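Once you've had a glance at the structure underneath, I'll fire off some questions.
To keep things simple, chains are lettered A, B, C and D as they appear, and every chain counts its residues starting from 1.
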Amino acid sequence: MVDLLLDLALSLAAGAALLAVYRLLMGPGAASRAVAMDVLSLIIMPMMAGYALYSGRMIYLDVALVYGILSFLGVTSLARYADKGV
Amino acid sequence: MKQIVAVVALATLAILLWQLAPIAMPSGLGVVAQHYAEHGVQDNRGANLVTSVVVNYRGFDTLGEVTVLFLSVSGAAFVLRRRTGLEVHEPRRASEIVRTGARLLFAPIVLFGTYIFVHGHLTPGGGFQGGAVVASGVLLLLLANKDHPLPHGFLSWTESLSGLGFVAAGLAGLWAGGSFLANRGILPLGTWNQLFSAGVIPVIYTFVGLKVGSELATLLDVMMHAADEEVHQ
Amino acid sequence: MDIVTLFNLEDLLICAVILVAALGAVLHRNLLAAVVFAGVVSLAVSYLFLRLSAPDVAMTEAAIGAGITTVIFLIAVRRTEEVEREEP
Amino acid sequence: MGAQQIIGAAVTLLGTAFLFLGALGIVRMPDLYNRMQAGTKATTLGNLLTLLGLGILQPAWLVKLALIALFVLVTNPISSHALARAAYRSGVPLADVTVRDEYPEALQEHGEA
């Protein structure tokens, strides 16, 4: 039961990643693509945490945190670029 | 015609890679990997075997990598150096939220980067990753305000002193353990999976982290200002 | 170990994400969009590295590939032209 | 223990459902600002719920998961705010069905152009 729910959850998250990639491909302009990138990073981060749980190693959560910090910076710098502030 | 050739070449490459994939992912360990996996823990007492390989067994390579990074940053700083007398365009200010957020998040991000490279022998990550996180903290300040004053003297002194520290740790290994970067007889090896363990490895990774962090911060600063002056000269 | 059974459904979906984003990065003429695509490739590859039990590589990919490299590309694109020209 | 496991997995599933809905939102919404609304609010909630569900499944990890959740909660509004503001100021158009745009008036009120 628990395994089935978790498997379903991970597959749902990966399907969400595919939807975000559709916007990434189609999205007019760089700003829409940056939104898609933001959403993708927000989707993949819990997937990493879920994989950490699956493998039972807490140290994998460090990777998720680094991932969060750096993707936040990527999106913010894209925004500042579009705002001509970089 | 060109496209057909490209598609055929890609298809060939795909088939070859599909054949190669099971070979590239062997089920067992190679001879060298077997040795590291068996002796790594007794030799270095590092919980993260990758760190033992990067800093101890292949420590000389790491010194080379750090040197390459230093040279590339120096080259970039030389080519893109600040020129005076040019009209500097005024960047648009970031909003209040971004500026406050940058001030708020700078310290936690740098702290987390420090955690990454100090715990390099216990958790995944190490000098390069921690240095990149520290530099991203500085980048956040630069994003909020492009002309944020960075302590250039402090950065360059940190960078040079950590490079010296790396070489000094290697020479200490030569003096005490018989080979460059040997991990014997300098610091006690300690207990496995404790913060103060693995001998000289965390010390070296701290040097690497400081060096990489200050180098990347300098590089980002230099590149941002170079872009400005080129556009408006 | 067979290479197909190594991955389950969500990993194959992430692989599809990587392929699509990589194609976008190569084929797009707008360099800013290409930078975003390249960042997405790094983000997804980082998950795949973690999935293959290489947390160190995953962290490096996330820190260097997704973060610092994206920013350096952005600054470099700003110095040059935003849209790639057709070959003469 | 069994009930706790099932609750944790259910909360995780709920979180990923929100992630999916957020991603669906950025595909279906008509303009950038609407997409951003779906893509940041729903996915932030989904992200936090997923982390909470994992924390229920593995209570020993709650502190670190809470750290990640706190970080997401602080950083994500900043980046989406910066993105929306940059998009507006660089002239990304609103959808045709938009009824009213109050941002220019608010900018004039606060003396920023």
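Keep this in mind: a residue touches a chain if its C-beta (ideal position, glycine included) is under 8 Å from a C-beta of that chain, and two chains touch if they have at least 3 such contacts.
Quantities reported herein were computed from a predicted structural model and do not represent experimental measurements.
Trainee: Between A-C and A-B, which chain pair is linked by the larger number of C-beta contacts?
Mentor: A-C
Trainee: How far is the middle of subunit A from the middle of subunit D, if each middle is the mean of its Cα atoms, in Å?
Mentor: Measuring from centre to centre gives 11 Å for this pair.
Trainee: Whole-Å distance, subunit A centre to subunit B centre, using C-alpha means?
Mentor: Averaging C-alpha atoms per chain gives centres 23 Å apart.
Trainee: Could you tell me the distance, in whole angstrom, between the mean C-alpha positions of subunit B and subunit D?
Mentor: 31
Trainee: Which residues belonging to subunit C are in contact with no fewer than two other chains?
Mentor: Those would be 55, 58-59, 63, 67-68, 71, 75, 78.
Trainee: Mind pulling the residue numbers of subunit B that touch at least two other chains?
Mentor: Touching at least two other chains: 92, 94, 98, 116, 124-125, 129, 132-133, 136, 139, 224, 227.
Trainee: Would you please write down the residue numbers of subunit A that are in contact with two or more other chains?
Mentor: Residues 10, 13, 15, 17, 34, 36, 59-60, 62-63, 65-66, 69-70, 73, 76-78, 80-81, 83-84, 86.
Trainee: Under the stated touch criterion, can you name all the chain pairs that qualify?
Mentor: Pairs flagged as touching, ordered by label: A-B, A-C, A-D, B-C, B-D.
Trainee: Show which residues of subunit C lie in contact with subunit A when the two form their complex.
Mentor: 8-11, 13-14, 16-17, 20-21, 24, 30, 32-33, 36-37, 39-40, 43-44, 46-47, 50-51, 53, 55, 58-59, 62-63, 66-68, 70-71, 74-75, 78
Trainee: Which of the residues in subunit D come into contact with subunit B in the complex?
Mentor: 71, 74-75, 77-78, 81-82, 85, 89
Trainee: With touch defined as at the start, can you tell me which subunit A residues reach subunit D in the complex?
Mentor: Contact set of subunit A toward subunit D: 1-2, 5-6, 8-10, 12-13, 15-17, 19-20, 22-23, 29, 31-32, 34-36, 38-39, 42-43, 45-46, 49-50, 53, 58, 61, 64-65, 68-69, 72, 75-76, 78-84.
Trainee: Any idea which subunit B residues touch subunit D in the complex?
Mentor: 92, 94-95, 97-98, 101, 104-105, 108
Trainee: Which stretch or stretches of subunit B touch subunit C in the complex?
Mentor: By the definition above, subunit B touches subunit C via 21-22, 25, 27, 48, 50-51, 116, 124-126, 128-129, 132-133, 135-136, 139, 216, 219-220, 223-224, 226-227, 230-231.
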